[in-house]
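Both of the next two complexes hold chain A, though its partner changes from chain B to chain C.
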Partner chain A sequence: RVSSDGKPPKFQPPPKPVIIDRKTQKEERRFLSPEFIPPRGRTDPLKYYIERKDMIQRRKVFSIPEFYVGRVLAVTTADPYASDKSKRFVGICIQRGGKGLGATFVLRNVIEEQGVEICYELYSPRIQAIEVLKLEKRLDENLMYLRDALPEYSTFDVNMKPVPRMEHEEIPVNKLQVRMKPKPWSKRWERPKYNIKGIKFELPEHKMKAAQKWSQPWLEFDMLREYDTSKIEEKIRKELNEELEK
Partner chain B sequence: VQDCHVLRYLSKEESGGKTAKLLVGGKNVSPFSKTESAHEIFKEAGVPPKQKVTTFNVTDDALIKPGTPLYAAHFRPGQFVDVTAKTIGKGFQGVVKRWGFKGQPASHGQTKTHRRPGAISTNKASKVYRGKKMPGKMGNIYRTSFGLKVWRINTKHDIIYVNGSVPGHTNCLVKVRDSKLPTYKDCNKNPPFPTFFADGDEELPEDLFDEEIFQFTDPSVTFA
Partner chain C sequence: SITGACRAIQKLTRVRVVDNSTLGNTPYHRPPKCIHVYNKTGVGKVGDKILLAIKGEKKKALIVGQKMPGPTMTPRFDSNNVVLIEDNGNPIGTRIKTPIPHTLRRREGEFSKVLAIARNFV
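Then we have the complex of A and B:
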């Protein structure tokens, strides 16, 4: 090539490959909030489609972070009776319920030796901010047994600082085995119906064997109860990604 | 709102009653499930056979030509509405569930009496009055819930969002009417009169909201 100056052309480094980032981005978006999946029933799918549109609109304005049961969150809601007109509550997420716009999550914390649980709606207009303090998964979907566990497992400092986390790391699974208060409990957590893996049972052997009497091993083979959500999830994920990129 | 069409116009003298009546049909249904005599009414209007036909009492200045389709945009947000539908059928039910009787205590020597009606009349009457609350078939009758506010209307999919609960199971046919309650007499003066025509007079946006409702495009609510 003949250059205008007569000098050799300026060295231009080759373009950096951008492939790696896109792959990790795609894997990040693999997470689909469980309230988008419509439950099995006889209602018109049009209703769920319209609810999803509303949810997407709300998410565009107010970002709802990635979410698992067992995560420590701080939620600020608007309150007309508080002095600052806003209330901040820190807690561990015990369960997520509801589908569509009425999706809720319950946060639990022990404040001054009194256990407090508050149920928030994800899409409520009163919520002003959700901050993630600690991102981790637990072994179960439902942490209701924390009510019967020793209070040290549910206490979290109100002014806790958010734990920094790399963007492309996998979500750590906390395999903590929780110690319980002496029986009686609110529910019989040792029964196989609840299928809890995160408790360290200190009961005698014969009691554990007696609890296995209530096991229903045929449930996992029951075909009428199967609800395969993979295809529905794919469709909804595509919809979501298209809408959020607009 | 699924395929509503006006079927026939009955004048005051024909129908008997104080005002003129308009017959309106609901959801489309296959012609095999309707009798031949019913087919005639639909043929006159030039409309596919409908599952449900209802009458509306209408004043003379609000008459509509048979065959016009009716849309959800006929109602506007902020209006008040009465909704009529057949309640969920519960079958033959006892007196405790049907009428809310208290029944009898569970223990303390009761012999085979826990959910029975008990006494049905007095000694002096020596008869049982008509209309006595007794067990029987419950549900599957028409009931109306009055004074429901319309919050939002979706013109694209023809959906009306209404305040509170509505009788009937999911996907059941429902009759929606302007409210009869005296407190809401003045509110229903603004809407499209006689009805909303989709021929292209005015272009409505896809979603119509009431003023007080929270739009999802706004930021979160704060109390100043």
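Then we have the complex of A and C:
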């Protein structure tokens, strides 16, 4: 810029570069896989400690990505009976179960109008690769109702390209309301026991009211069922971060 | 109405014929039902032979997919799938569109012809 005096403008130092240290941010890993949290019981915590050590060993060799129910994954497993000795399956994760080394997840897809579900073990040495195709959360933790939903909600293209995602973005919650096939369903999903928010119930009002008869509103106040995992989670998270950085 | 209890294949289970044979695909007022399972126990899993009653005829068939969850890493289908077979093991249809589990390849000797007409493997 030319100042009014004709002299060169006053030297303004350039703005200091803001260094975002990604490493320090990565240390606060917000996500802890649910299979690390030991279930409530009277077993010796030593057993869970040994299991966790084995799980960390496996994770060092083979990276298991961040996981939520409702995520679309492609899993390649080693199979002696398949051509090329390996097979690839793409599907949406409908539930995660099990604790410790036996943790499983179920992937569902509809191939050629036939619904297929496969239950994989996370820590099995037969799994060669897990690719994340779409990272998103759904409104529920258990998407078993997709079996009774219209097949279009469970179809995913086998050659789907992975959806690109920024590293520090929030994980999007898909508020999709799924339409169901006509009743009868495998389970009565309208009952409050399942607490499903992701279905668009097209049932008449009196049926929805009749389903509320089975609601147990005292359950959330039951103190004997409380299992506060926050402190346990923090301990385990510290352990994990220490071990994985070694 | 759908009976949900057993989910593996036993006597009187309604099955779905999956190949493109005329017997399996022509509509009939009664669905194909299993009348006998060639097994020590009467319960048929994937890879077992059963006797079907279709259109008033008796036909042998091979179980290709079941609703009951099996060992981990094996697929679980949403319907009990079956492929029509002759007594010597030759399939009657010429093509199988629906996916078939890889575990059937273990018994290549018996099922080689069925595996040859299958298109997708899961």
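To be clear about the criterion, the second predicted complex is superposed on the first by the 219 of 246 C-alpha atoms of A that agree within 3 Å, B and C clash if a C-alpha of one lies under 4 Å from a C-alpha of the other, contacts with A are read in each partner's own complex, and residues count from 1 in each chain.
Quick note on the criterion: contacts are C-beta pairs under 8 Å (C-beta built on N, C-alpha and C of every residue); 3 or more make two chains touch, one makes a residue touch a chain.
Remember, it's a predicted structure, so these values are computed and weren't measured experimentally.
K.L.:
Chain A superposed: clash or fit between chain B and chain C?
P.N.:
Partners fit side by side after overlay.
K.L.:
Answer with first, second, both or neither: which of chain B and chain C does A:117 touch in the superposed model?
P.N.:
In the superposed model, A:117 contacts chain C only, not chain B.
K.L.:
Thinking of the overlay built on chain A, is A:224 touched by chain B (first), by chain C (second), by both, or by neither?
P.N.:
It touches nothing on chain B or chain C.
K.L.:
Check the residue A:79 against both partner chains and state whether it touches chain B (first), chain C (second), both, or neither.
P.N.:
Both partners.
K.L.:
Tell me the contact category for A:126 with respect to chain B and chain C: first, second, both or neither.
P.N.:
In the superposition, A:126 contacts both chain B and chain C.
K.L.:
Where does A:166 make contact in the superposed view: on chain B (first), on chain C (second), on both, or on neither?
P.N.:
After superposition on chain A, A:166 lies in contact with neither partner.
K.L.:
Which partner chains sit in contact with A:58 here, chain B, chain C, both or neither? Use first/second/both/neither.
P.N.:
In the superposition, A:58 contacts chain B only.
K.L.:
Minimum CA distance, chain B versus chain C, superposed model, integer angstrom?
P.N.:
Superposed model gives a least chain B-chain C C-alpha distance of 15 Å.
K.L.:
Where on chain A do chain B and chain C both make contact?
P.N.:
79, 126
K.L.:
Can you list the chain A residues touching chain B in their complex?
P.N.:
Touch residues, chain A against chain B: 42-44, 46, 50, 54, 57-58, 60-62, 78-80, 85-86, 125-128.
K.L.:
Once bound in the complex, which stretches of chain C touch chain A?
P.N.:
Where chain C meets chain A, its residues are 1-2, 4, 65, 69, 72-79, 81, 97-99, 102-106, 120-122.
K.L.:
In the complex formed with chain A, which residues of chain B make contact?
P.N.:
Result: residues 154, 157, 159, 170-171, 214, 216-224 of chain B touch chain A.
K.L.:
Which residues of chain A touch chain C in the complex?
P.N.:
Residues 77, 79, 81-83, 87, 89, 104, 111-121, 124, 126, 147, 184, 186.
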